[in-house]
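Below is one structure, written out as structure tokens; comments come after it.
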Amino acid sequence: MNSLELVLFGAGRIGQIHGANAAAHPRAKLRWVVDPNLEAATALAKKFGAKATTSPEEALADKGNTAAIIASSTNTHVELLTASSKAGLAIFCEKPIDNSLERVDLALAELSKSKVPFFIAFNRRFDPSFAALRGAVKNGDLGQVETVIITSRDPSPPPIAYVKVSGGLFRDMMIHDLDMARWLLPEEPVQVFAQGSALVDPAIGQAGDVDTAVVSMKTKSGVLCQISNSRRAVYGYDQRIEVHGAKGMLQAGNLTPTSVVHAGAAGVVSDKPLHFFLERYQKAYQAEMEHFVTAILDKKPLSTGAEDGRRALVLAEAAMKSLEKNAPVTL
Amino acid sequence: MNSLELVLFGAGRIGQIHGANAAAHPRAKLRWVVDPNLEAATALAKKFGAKATTSPEEALADKGNTAAIIASSTNTHVELLTASSKAGLAIFCEKPIDNSLERVDLALAELSKSKVPFFIAFNRRFDPSFAALRGAVKNGDLGQVETVIITSRDPSPPPIAYVKVSGGLFRDMMIHDLDMARWLLPEEPVQVFAQGSALVDPAIGQAGDVDTAVVSMKTKSGVLCQISNSRRAVYGYDQRIEVHGAKGMLQAGNLTPTSVVHAGAAGVVSDKPLHFFLERYQKAYQAEMEHFVTAILDKKPLSTGAEDGRRALVLAEAAMKSLEKNAPVTL
Amino acid sequence: MNSLELVLFGAGRIGQIHGANAAAHPRAKLRWVVDPNLEAATALAKKFGAKATTSPEEALADKGNTAAIIASSTNTHVELLTASSKAGLAIFCEKPIDNSLERVDLALAELSKSKVPFFIAFNRRFDPSFAALRGAVKNGDLGQVETVIITSRDPSPPPIAYVKVSGGLFRDMMIHDLDMARWLLPEEPVQVFAQGSALVDPAIGQAGDVDTAVVSMKTKSGVLCQISNSRRAVYGYDQRIEVHGAKGMLQAGNLTPTSVVHAGAAGVVSDKPLHFFLERYQKAYQAEMEHFVTAILDKKPLSTGAEDGRRALVLAEAAMKSLEKNAPVTL
Amino acid sequence: MNSLELVLFGAGRIGQIHGANAAAHPRAKLRWVVDPNLEAATALAKKFGAKATTSPEEALADKGNTAAIIASSTNTHVELLTASSKAGLAIFCEKPIDNSLERVDLALAELSKSKVPFFIAFNRRFDPSFAALRGAVKNGDLGQVETVIITSRDPSPPPIAYVKVSGGLFRDMMIHDLDMARWLLPEEPVQVFAQGSALVDPAIGQAGDVDTAVVSMKTKSGVLCQISNSRRAVYGYDQRIEVHGAKGMLQAGNLTPTSVVHAGAAGVVSDKPLHFFLERYQKAYQAEMEHFVTAILDKKPLSTGAEDGRRALVLAEAAMKSLEKNAPVTL
């Protein structure tokens, strides 16, 4: 196989990103763009020289396909993943697999039957700064890891309509941080404690969700982890990681559009962090597609699999249970 | 009263700092240095033109005294505080009042009887960076406060002999952070959850204590607080505060000995933070003495009182109980 | 015209960059890659679906061409520029036009005859940080500009063979900084004073060049400018600008591969700046191609022209004369 | 000798600083404060338990004196230095010795006759950051030094009346930077070129002075130095040094009152640099007094002498001549 021949499910915001990155890859080609909105599918397909359809079946019937990108709305992931798996395609799946653990398990069962390569796209693992930090941790630069501290704040809350179908802050937003925690901790967390409030927008509280939350976790050998989330940070997308160990501390800070600093009578002013995930994780999106394409074509292992998707969700559900019970949850 | 005439209890490390700051103050004078170690008392007294004794009674019998500095070992605080209070002296008391809440309450009862001015010296409240951060919070620069995040790491663990009599990490070390939390939160915490481990030195675990700990707290209206502590940070004393609110984030970072940066083939290297509390809080120690002397002489209110000492201890004990029960503690 | 149909002259390092950026642009298409090295031309042409040739005449005979990118070796620029101009093509020309002012003037005469759009590619003007800084200057954020300070250091000296044909540090390297100075100063410099030494490599001195140099310039109304250059900076490519004015200072600092910081026993270590121009100015190269393609197709003015190329060279020659005469040169 | 017994000449701003630092030193005692303004002398003397007089002769007649601090107005330095020298006192002299090279030479002749220890107080040499930077240079951390870059900007221009008697920017302000250059360069500068303008305040130009200036210098072996000065920086006192060498770059940046950063909707704002020299060089003033007292009492060499004062002035005069002649000046 010289080139991945791809079906892209989803022509929305994230589908456009993955589609563009795949199309720009010298070893990949978009064959199909599938979206219930034919206009969106057609626009995207045209841009990449692909065919458009509203029918997954039509696209999957094309024997020339070798891989699928699932970037459609979350509630369609399991169905499309199952169909793509049955079609024998390697799968790139935007996180999460699903917001229901039960349905995730169905998907995992299917995948374990078909044995198609499966990649769950936790973009932050491909952020150059986070990847360098993790490389240093794995390299032993800190010695034994003792505490992992993760900060994640969105610039502004999503529309309340989205909040209602999002699965809640823990499954929709903190799941990224929980995956970061798993990636950085030397072993799986065994205890999760969550606190949360609706401080940003009372409507979020009325929808049964929180917009400000902290989680503490502990592993079997006692390594600790703190996560802090907010649906609002007026200074931009706040994405930081700090790891402490026997030999010191590693920090990965925010990135800014420019390095310009203005020193004036009112203080020394520098850029706000990059606005949101499209800007901050632009390179991460490219790098994860590069990883997927190269791993499939060169028959190398994929760095994340369905089990990683499942475990992050298990932690998110534990945090939700902890918040509900007001007690730590043991895993 | 033109000048405070002071009895200093304690000629050890912290006694020397408070003694020197008092002696250097244009409106204060050391009259007595009291320490069970006569040699130490004499050395210090000589330096400041004061008299030395091993007997608190002898020093307190001097009718020329107007105030006392209690900087002796923690287990003598209540007794000396009581005696100073009965002698009608204004009291500057190094934190904590005592490690036992029962004895703290005895001290508070005595103080409420004598009505002498009482100052509990939480040095961090006088750190210029922390004070500026808090000033900005109180000024409304953040709008409604949503999350407070406090980092406190010592450069290296104390001797195990000290650990055993210290009252434990929460009462000995985190009490400072708990006071910072109270100082920065818009209302008192009502829930405390603690996790801790002995990761730095197993001997600390064997002594029944932890050396790495995190605490999460929540106030009645849902404001959140995270604290992270370690008895070791090989890069120096790590003292940082971060507060998030509706209008953004305030951070107070570490301080360094110099502003020198070396850009070389191996990276860009800057100073480690100031080594430990004597270096980091040098200005805070001066400022708290300035506050005490000025407030007493000018009959202004003291910024902290016995109740602040008590509440920080209540939080520390709640954290200890939470760790023991592995459950959040409600206050 | 819906799309630029491009002839690319030069399949070397910089040709590959401009070629790739043009090919990736949705409104541009590479038709020809021309290089004396047919293998290089063919490899590049194949990648972009273009035709390869060693003959400029063959490529320029194609009536489908609408624009040319001149990214060949400096000594061929004037000839190719003239031929492209006669062919009526819009021209994107890598700096410099030529190292000889006489030949530059020939080129300008030809361009003024043909009136084809001509863009001289001073990449730094398109660096996001430098562009933001300049935007702030033009916006009046500093009020009246008083001093411009430009730092430019290469990570390591070029091969001595290159040094010998480079035209010298001032024409080869500082010309970028001289263009930055012109771009940031409120008016043209009228006085130039240069000092230089061969401190990095004596062979550079033996070749009649310098590897370490500073220049001071002054405009008619007295605005000052300092430039500092070195052919070596072991910490990476050092590219900084600082502008002072009545209302403060603007600085644009170096960029780093990641935001990771390691605080350890030996200090706090952060990334070195991005290694060299390919890394640092990656976005600038994209942005200047975007500017060229869009300006030509949409008939908007190009932001730099032949006169900018000429004036930067005039300043470089003034600096050389100043160094030679050991005296300031008046323009 | 157990303690320095000091005559302080000058009860103005800088006299008060040196007086307070001397008085606070455990090995020094102020005996006399001398100032033409008796009220000022008396106020200061009272604070330190010294005697006040308007008569240098009266003070110098006291046989108990062992050292003098000359912190009076510049035009009295030579006379007081001569008298103190004749009285056999060790001398701490605020820079400059005098604004006239002729009179400096008279002073040097007198000092070489009397052989009293003489210290010229270039405060910046004792700034912890600059001292650490220089220590690293001397330690070989940069290998061979290639370029020294010095930035010095005052927060706001002095009153025009002061400008007129100040000796001009080069002798009054840049002399500090010229001393820094001498301190950091591996050998004396042999060429000086200056450019300057009155951009901040036309009245400064009318007074025959400049308020914005740059200087370039070169040593015999070709090491380069750039200095940039302004009488105004609305963001505060801008005091930075940057040294480049074979092994990298050392930078000493500005210092700030606090480490507080506010990230808000308008950007990320940190403190302006410390306001002016009293704040920035507070520790330097203490350290230079500590050096003087200790060196004299312990018979150790003083780190600067009259020749350092002379050479900085020679460079300042060379810069003035260069500006006047619009040509480099060779030394």
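The letters A, B, C and D name the chains in turn, as written, and every chain counts its residues from 1.
In the analysis below, contacts are C-beta pairs under 8 Å (C-beta built on N, C-alpha and C of every residue); 3 or more make two chains touch, one makes a residue touch a chain.
Quick caveat, the model's predicted, so the values are computed rather than measured.
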{"item": "Maximum centroid distance from chain C, chain identifier (CA atoms)", "value": "B"}
{"item": "Chain pair with more C-beta contacts, C-D versus A-D", "value": "C-D"}
{"item": "Whole-Å gap separating chain B and chain D, where each centre is the average of the chain's CA atoms", "value": "39"}
{"item": "Mean-CA-position distance for chain D and chain C (Å)", "value": "42"}
{"item": "Euclidean distance of C-alpha centroids - chain A vs chain D, Å", "value": "58"}
{"item": "Numbers and ranges of chain C residues touching at least 2 other chains", "value": "233-235, 238, 247-249, 263-265"}
{"item": "Interfacial residue positions of chain C with respect to chain D in the complex", "value": "144, 146-147, 149, 153, 191, 193, 195-200, 212-214, 216, 218, 221-224, 226, 228, 230, 232-235, 238, 244, 246-249, 326-328"}
{"item": "Residue ranges of chain D in contact with chain B within the complex", "value": "24, 47, 128-129, 132-133, 136, 141, 247-255, 257-265"}
{"item": "Complex contact set, residues of chain A against chain D", "value": "233-236, 238, 263-273"}
